[in-house]
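Next up: some structures, all given as structure tokens.
In the two complexes that follow, subunit A is the common piece, with subunit B as its partner first and subunit C second.
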Partner chain A sequence: MGRYLAIFLTFARACLVRDMTFRANFILESVTSLGWMSMNLAFYMLVFQFTPEIGKGTGWTREPFFAFVATGLIINSIVQAFFMPSAEELTEMVRTGGLDAVLVQPLDAQFLLSMHRVDYSSLANGAVGVGLLAWALARMGHAPPPVAWLLYPLLLLCGVAILYALVIVLAAATIHMGRNQSLYDFWFYMTNFSRYPAEIYAGPWGGPIRALFTFVLPILLVVNVPARVIARPLAGGAWWPVAGVVAAALAALVVSRVVFQRSLAKYRSASS
Partner chain B sequence: MSGRLDGGGPLASMRAWWTMLAICLEERLVYRGDFALGTLMRFLPMVTQVFLWTAVFAATSRRDVAGYSRNDIVAYYLLAMLTRAFSSMPGLSTGIARSIRDGSVKKYLVQPVDYVSFLLAARIAHKLVYYAVAILPFGGVFIACRGFFPPPPDATTMSIFVLSLVLSFLLGFFMEATLGMIGFWVLEVSSLVFAYMLVQYLLSGHMFPIDMLAGIPTGLPGTSLADVVRWLPFEYTAYFPAAVWLGKIRGPDLVRALAIEAAWVVVMAIACRVAWKRGTRRYAAFGG
Partner chain C sequence: MHNSGPSSVAAPVIEVAGLAKEYRVYDKPEGLWASVRGLLHRTSRVVEALRGVNLTVGRGEFVALLGPNGAGKTTFLKLLSGIITPSRGTARVLGHVPWERADDFRRRFALVMGQRNQLWWDLPAAESFRLHKEIYRLDAARFERTRDELVDLLGVKKLVLQPVRELSLGERMKLELVAALLHEPEVLFLDEPTIGLDVVAQHTIHEFLRHVQAERRTTVILTTHYMKDVAALCERVVVITHGDIVHDGPLAEIVDRFTTHKIVTLDLDDPSATARIERCGFPCEVRGPRVVLRIDRQRIADVLPEILRSDGVRDVSVEDVPLEEIVAELFRSGAPERRAVVETAR
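Right, the complex of A and B next:
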């Protein structure tokens, strides 16, 4: 474990050196992601011009909702910074046969393939997320209880783990298909469902969607559970989602690991 | 640079244009499966938007938001998406900038083919193939969602809707082409394209009907943000045709908006020509 940590830190350092070498590009990329994020924030602000809350009686009024958005920004920026860049490179590796060189290394292939690139510019959104969270919590009128502060980082990690598992499964699909240019598209369309409070998926169509993305593909838990814990006081019955997200994170990691290993076993080198 | 494609008179010119269209059609049809799947997936973000607005309407006592009922908003998103299928030009400006940077644009300088006409033909071919394949997913979604639509408008409104769609295609084309031509002056246009996309994303009506900006002051007395946006070209690439179909713009307002849209098409077409003319004059042909 210590060895892996040391190797990861070496990767992280190398990527930092690289990012700082092309500083203008780094700043441009940070500004790009901040730009998209601010457009979305502007849209949410507009929505709250017309309504006091999202969904009747759900409690997602303006400040809690922005705490929700902030939580989503933090989780997504971690995934985008640490795992997405490597997974995207995998597509090219499978196509060109570069994957062979990775497989012969005396290291775990999944570790090497999913963590060798760090994109620091993606952390810009996370930094804004932290600021937005502080703003929303300060204006909410009631401070989150100490237990919420203890649970929040753990639940953020669980959210990251679920999304990481999704990245790994999508990457495994790359190995099967030989190409997967729409990896990022598919990622975007799937995680799009996790961008809003789960309560909005109600009614005859919303119910099944909510069930699907809670129990089968648990992306609705990713942001919802930590955001609920920090932004809305926990009632007695609200503890099961906390247990649920921890269990889902563990299950997702195991399933993604199995899927990835099986896909690797099917890999036939493309190089000659 | 004349609008003609070669020196052989209008008939030969038409033939050359037709050949370009046919080549691009064949090229595009290779990826039809990808197209159909991609189109269907593009409806997914809309699903969350519909749920979001449904939740907003559930929580507010209003019957409408900026004149839109919940059903109107669903219909609006669908129609805006249809308009985007006409006005969006993926890869156009970056493609032009790249051909300037890597030097491949010079073949259009020595061949008797007008670059802008070629790009337009390629785009029309691209769009025709796109519609041929996308009509299935689009048709399916529209039929499934027909309950959200108000009764269809009268024939005049419908013809104005079609006209506004055609104009939105031309507007989108000339705006992005002009943006790409800036590559003659600055070699890397990606940050400009990004800035354009951001403004476009917010002000085209892609995310929400522009009428929702009517309550947002600009600091100028009696002028809301929606009043300002009305004079800019962006809303004509998503909002305007959708609003026409839904009957949100009528009478003199409709005529004025159509005139603004047509004027922007002319302005951008001229800008595109001027940029091409001046750009090619200072062009130094990088690359081999």
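Right, the complex of A and C next:
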């Protein structure tokens, strides 16, 4: 474990050195990312000028909703910073045969392929997310209970784990397909559903979507459960979503591991 | 021909039996309509890249793996290094099945591919070396000692702190070799390491590999299209064509076995001597005052004194046929009809 941490830190350090080498690119990426996030926040502010809550009777009033958005920002920035760049690069490595060099190294290939790039500019969104969360919680007028503070980091990690598993499965598909340039787009479309409170998925169309993204592809749990725990403390006894997200994270990690290993066994390399 | 090789060594480092690799490749017909139809129905073929190869390599051997493009050389190296899994057959390298990818196995070999960059592109090679130290769990003192030794041998001390993308191809390849050898592998797979390099860089790499291999008794398998690499480095040559091994033996044996004649070059003082020499009846090429003859090896001892007695001959040299020519002939003599291609449709 210590060795893997040392290797990850070496990767992280090398990426930092590279980002510092191309400073203008780093700054531009950070500004673009922050700009996109600011536009989203402005849009939500605009919505709350016309309605007191997202969905009548859902309880997602302005401050809790911004705590929800902040939770999503934190989770997404972690995935975007630590896993997504490597997964995107994997598609190119499969196409060009660059994966060969990874497979001969005495190290877990999934670790090496999913964590060798760090995109520091994506962490800017996470930092804003932390600030936004603090602001929202301060404005709510009641502090979350201690158990919520204890559970929140764990549930954030579970959310990250579910998204990580999704990234890994999509990356594994690349190995079969030889080329998968839509990996990032597909990930974006899927995770779009996780960016809103689960309560909005109601009615004849919303119900099936909610069931699909809760029980089959549990991305609705990713942000909803930690956000609910921190912003709208769960009623006594209603802990099943917490247990559910932990179980979903573990299951997602196991499934993604199996899929990835099987895909690697099918790797056929590229002509030299 | 399947060959277990001449090297019936006590402790083989590489043992391969009946190793075969097949690929399914999809045909992409020309034209828009054909592409649309291809979305629903594609035809595919099974191509046999390697056809039941047998090979044994002992510790410390330096083996050249020769063959034309597409012969299966790189596929063979990829199987031996565990990058891909075979369709049939068995292989053991250092006692391990390569495609099981055991860490203990992967710590003991290295693969260098001349056409692919394995160093961090935007960073100095020193950063890649540092990463290598962590991945291979190298002791700090051992790492520094080995790195400095390799860097000195290749004369690249000034380059290790320069971003890799700013280096020339030759400089990059030298640093690739340093990275590959930092963990002192027992087996080294080299896939065209001198491709595109100038003669000076080629020579430096030859000297380096010879030194390292002799010092460490590393087992080396080298694929190359440059016969200079083979002549400079390899005692044993394995020729592979169309997925089969068609020759396995010492380099000198190839020359003996596959050449029927020698090249005799005559420098003439008197241009009129050309006509006399042409009348000898051997294949003959006239290049100004120089005549190049191809004379049967069996007859050279009889013919040469006769030619030397001719008036007007100032100088003479007798050489073997160039290795490139011999190997090209060997490639052509492979058995293309054995390359089975199975047509299927899906």
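As a convention for this text, the second predicted complex is superposed on the first by the 271 of 272 C-alpha atoms of A that agree within 3 Å, B and C clash if a C-alpha of one lies under 4 Å from a C-alpha of the other, contacts with A are read in each partner's own complex, and residues count from 1 in each chain.
One rule holds for everything that comes next: a residue touches a chain if its C-beta (ideal position, glycine included) is under 8 Å from a C-beta of that chain, and two chains touch if they have at least 3 such contacts.
As the structure is a computational prediction, the values presented were derived from the model and not from experiment.
Undergrad: Answer with clash or fit: subunit B and subunit C placed together on subunit A by superposition.
TA: By the criteria stated at the top, subunit C and subunit B fit after superposition, with no clash.
Undergrad: Determine how wide the angle is at the CA centre of subunit A between the CA centres of subunit C and subunit B, giving a multiple of 10 degrees.
TA: In the superposed arrangement it comes to 90 degrees.
Undergrad: First (subunit B), second (subunit C), both or neither: which does A:Ala6 touch?
TA: Touch status of A:Ala6: second partner only.
Undergrad: Give the label of whichever partner, subunit B or subunit C, reaches more residues of subunit A.
TA: B
Undergrad: What is the contact status of A:Ala101 with respect to subunit B (first) and subunit C (second): first, second, both, or neither?
TA: second
Undergrad: Just to be sure I read the superposition right, which of the two partners does A:Thr58 touch: subunit B = first, subunit C = second, or both, or neither?
TA: first
Undergrad: Of the partners subunit B and subunit C, which touch A:Gln261 in the superposed model: first, second, both, neither?
TA: In the superposed model, A:Gln261 contacts neither subunit B nor subunit C.
Undergrad: With both complexes overlaid on chain A, does A:Ser269 touch subunit B (first), subunit C (second), both or neither?
TA: After superposing on A, A:Ser269 lies in contact with subunit C but is clear of subunit B.
Undergrad: Have a look at where A:Val17 lands relative to subunit B and subunit C in the superposition and call it first, second, both or neither.
TA: second
Undergrad: Taking the superposition as given, does A:Gly203 touch the first partner, subunit B, the second, subunit C, both, or neither?
TA: first
Undergrad: What does the superposition give for the shortest Cα distance from subunit B to subunit C, in Å?
TA: 6
Undergrad: Please output the residues of subunit A touching subunit B within their complex, sorted ascending.
TA: Answer in residue numbers: 28, 32, 35-36, 39, 42-43, 46-47, 49-58, 182, 185-186, 189, 192-193, 195-196, 199-203, 206, 209.
Undergrad: Considering only the defined contacts, which subunit A positions touch subunit C in the complex?
TA: 3, 6-7, 10-11, 14, 17-18, 21-22, 96-98, 100-101, 103-107, 109, 265, 267-269, 271-272
Undergrad: Considering the complex alone, what residue numbers of subunit B touch subunit A?
TA: 38, 41, 44-45, 47-48, 51-52, 54-56, 58-60, 62, 65-66, 191, 194-195, 198, 201-202, 207-208, 212-213, 215-216
Undergrad: Please name which positions on subunit C make contact with subunit A in the complex.
TA: Going by the criterion above, the answer is residues 23, 74, 78, 81-85, 101, 103-107, 109-111, 113, 115-116, 118, 120, 122-123, 127, 130-131, 134-137, 163, 191-192.
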